[in-house]
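Notes to accompany the following structure.
A, B, C and D are the chain letters, set down in written order, and residue numbers restart from 1 in every chain.
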Amino acid sequence: MWSPVWLIVLPLLMAFISVVIKKQQYLLLNLSILLNLAVLYLAPQGMVIIGGFRPPFGISLNFDRYAFISLLLIQVLMLFATFIAGPLAKKYGTVLLVLLAGINGMLLTNDLFNLFVMIEVVSIASFIISTSNGKFTHTFHYLILASVGGVFFLLGAVMVYAYTGTLVVQGLFATLGQLPNAISLIPMMLIILGLAVELKLMPVGSWAKNIYGNSNVLTGPIFAAVLAPAFGFVFGRMMGEVVVLNPITGYTLLFMAIATFVLGELAAYRQKDLLKTLAFSSIAQSGLAIILFTLNLPFAAILLLINNALAKSILFWVATGVSTAYETSSMKGLRGVFYNHRILGITFSIASLSLVGIPLFLGFYAKVTAVMAIFTTGLIWIPVVILATAIIEGAYMMKWLLQLWSPAKEGHLASTEEVPEKREALNMTQIVAVCLVALILFVFGLVPQRVGRVLSVASQAEISQVETVAEGGGQ
Amino acid sequence: MSMVLILEWVVGIALIGGAIACVTTENILAAIVRLSLLSMVAVVAFALMRAPDVALTEAVIGSGLVTFVFVVTVKELFAKEDKNEEVH
Amino acid sequence: MIQFAGIALILIGIYGLMTTKHMIKLIIALNVLELGANIFIISVGFVKNGLAPILTADVPSDLLNFVDPLPQAMVLTAIVIGFGATALGLAVARKVYGKYQTYDLSVIGGEE
Amino acid sequence: MKKFISFLLILVLAFFLMTSLNSSLDFFNPPNSLDETRMSNAFIHKNASGGSDPVEFGKSTGLEDGSANIVTSVVVDYRSFDTLGEITVLFISALGVGLLLGAGTGAKQRSGFILKTAAKLISPLMMVTGIFIFTHGHLTPGGGFPGGSMMATAFLLNYFGSGSISTDLKSLKWMESLAGVFYIVIGLIGLFVAGSFLQNYLPTGTVGHLFSAGIIPIIYVLVGLKVGSEVSGIIADFSKSEVTS
């Protein structure tokens, strides 16, 4: 009765209904998210069979702690995202419902081909959402890259089937690990390449800077706070259950991720545009999460994903709200804007400090855990690179905070005269919603150990794979 | 060589040749027509691979609907071609 | 031979994607790539003496020698998904055409 | 220059793929029959949930899956959830095309007498063929996707024949919505009656009969209707759209 399959079916049902009663789209969207939260609470954990045939013959859903944590995060952020996006979410109500169903399916499914179908559902829905920016060439760029990625993923899944005869995700690495290295190489590369587009990994992640950099109050939070962690969690599941790396592929992936991280942060540092800065920062953070998952450190990666999702959602809400109201997102035009919007400024500051990893915030705990964990793998140079890059990140975030708060020109005393004329960025209810998310982030920062204890159970559920790239290649 | 084997070779070479012709041409309308033809050859390939379901689906969707959608998308280019012969 | 053709189509599709900036031709190359992938998947399940996986009165019940039906089911799904992506891509391309009167991305350049 | 580099890259990739595939998989030299250990044997012999009843066309009754077309039994029974995802993909892209191009007012298509007459003659025929294909999806090749698309093509021909879209688009939306809702409701009945979503709870009958295979024909008809209405929607949106701005 209380089966996790509701998490997928309910939004889908609402989506099909909402085509004919367009007026109630928004209501149906919020209703299904709330019901999903109830299902999440009530459904017992474990494997769920669909269609009455046990795996590998049928499709099954894997509803464990890992899936639970990721689903909870996605539902909560989706609820806030639709609430704040308001009228835009009304226009794209059906699309958001399908997106929600697809993401839930992606996080739950225990079948490689079903995962491909769900990824396609999610990516097509996200193409449509990205068109609300009005920049169609960017959407086109994203569409082509993601479609090619989808084909690669499909080919990888089919080759896994050809070699092993099964598509069940859980424990697939054990079967794949028995194959010689040369054989498992190609399907693994195809699966990783397929996911790399959505993970914004270096050469193929170029779409992200345009889509994120021109985002509005709907697309920014949906892409940065809902899609990015969702694909991060899917990648984590793949790394934990499916992907078998040998030293060559492992180090290639690791270097690509490190390059994404470092170059992303450097590019963010050089930007003079708030949304573009946040775009490159998202690309970089995604790279860091991939590093952690590749090194088989799911606990640190999950912490980082949650911190980023919460922080990035606030940053994008405030940034898109402000830049829409003032019709600019450049540093010059927005200078001193938080003088007019103090509450938004405070939430923005909390989020950016947590993102950077200042002590007393969740981000600090996440980054310390990550760095300490990487030290245990024996690859000393990676934490050094991460710490050095964190300084760059801190530098540009501080620069932005100063500029957004302070109306003064360099070398002059602050005066309110240079503040741009006040305009309404977000309405009262939206501000309350943003504050709620900021409060969640803040409270998490106060009790990081408790959050960590809950999450460590999730990370243990996720990881059944023992062999890591660090153990395999580091010696 | 049996008939089926010869047919397989013919279909395989037609697929590769058709794909090259389709991708390398500069003329959009020619590319669309070649994609449609390529898809029809693929239908034969699917039938040879004992996949009648896939062949039927490819015939209706791949070579029918996809071509239609392409042609309707670039219908303005038809009008242009009437005026000047060159279309890119 | 058809197996080779499937892989060749995948590679030709990638070549097409790399060498053009024209939106319609990009989608055409994507379709070639998808077609190649579909042929590849079908050939994964192919067996030499296999029959089409449909039970008929002519198939002896003690000797059910069929080709693998699962890859065929996957391709059925993949074809429809490919059509959906193609239709959406063309709709987006049409919107771009409406804005710039061209399908060529190298003419449009960076949209800021 | 760029073309040359791409060409070289493709050649390297081709060499890499061919050698690797040739060494790892008997891909270029397929086996004579399906390996005994393959799980697909369970789909063919219809014994995924145990049992060893022989499968005989027109004779076997009460098997776990009653479809004579094994691809259909995989698509709509064993892996029905994929199909639900698949129609969702089509649903969402039809919706996206509508959102992007829907503002068009409808360009009139001028067509000659021959096209008009031919369209009027052929379109009912195609409609019937389409319906035949998806009602016999569990017996003959085809099924909901080509059948539904065939219906949509009939719709398209009708459009070329009459010059405007006569079918009410609103009713298409209703059909699309209801077909999807019924698919899910049938699945949910399975959840309540048989214990898992999309599980077959109707008797599977005799393999090869028209009224057999439990929920498979019902679902395939719904898929056909849904695909037909979605593809018709896409066609209508594309046909109507004019370049604006």
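The rule we apply is simple: a contact is a pair of C-beta atoms (placed from the backbone, for glycine too) under 8 Å apart; a residue touches a chain by one contact, two chains touch by 3 or more.
All of these numbers come straight from a predicted model, not from anything done at the bench.
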A-D or B-D - the one linked by more C-beta pairs in contact: A-D
Calculate how many whole Å lie between the centre of chain B and the centre of chain D, each centre taken as the average of the chain's C-alpha atoms. 21
Chain A and chain B: spacing of chain centres that average the CA atoms, whole Å: 39
How many Å are there between the centre of chain A and the centre of chain D, using C-alpha atoms for each centre? 32
Between chain C and chain A, distance of the C-alpha-averaged centres to the nearest whole Å: 29
Shared-contact residues (touching 2 or more other chains) in chain D: 17, 21, 27, 38-39, 43, 69, 71, 79, 82, 85-86, 89, 92-93, 96, 100, 141, 143, 145, 234, 238, 243
Give the residues of chain A touching no fewer than two other chains, as numbers and ranges. 113, 117, 120, 124, 127-128, 131, 162
Two or more partner chains touched - positions in chain B: 51-54, 57, 61, 65, 69, 73, 76
Pairs of chains that touch, anyone? A-C, A-D, B-C, B-D, C-D
Considering only the defined contacts, which chain D positions touch chain C in the complex? 2-3, 6-7, 9-10, 13-14, 17-18, 21, 27-28, 30-34, 38-40, 43-45, 54-59, 68-71, 73-75, 79, 82-83, 85-87, 89-90, 92-94, 96-97, 100-101, 140-141, 143, 145, 207-208, 227, 234, 237-238, 241, 243-245
Using the touch rule from the top, collect the residues of chain B that touch chain D in their complex. 51-57, 59-61, 64-65, 68-69, 72-73, 76
Sort out for me which residues of chain C touch chain D in the complex. 3-4, 7-8, 11-12, 14-15, 18-19, 43-50, 52-57, 59, 61-62, 64-70, 72-73, 76-77, 79-81, 83-85, 87-88, 90-92, 94-95, 97-99, 101
Can you list the residues on chain C that touch chain B in the complex? 1-2, 4-5, 8-9, 12-13, 15-16, 19, 22, 24-25, 27-29, 31-32, 35-36, 38-39, 42-43, 46, 50-54, 66-67, 72, 75-76, 79-80, 83, 86-87, 90, 93-94, 97, 103-104
Applying the document's contact rule, which stretches of chain B touch chain C when the two form their complex? 8-9, 11-13, 15-16, 19-20, 22-24, 28, 31-32, 35, 38-39, 42, 45-46, 48-54, 57-58, 61-62, 65-66, 69-70, 73-74, 76, 88
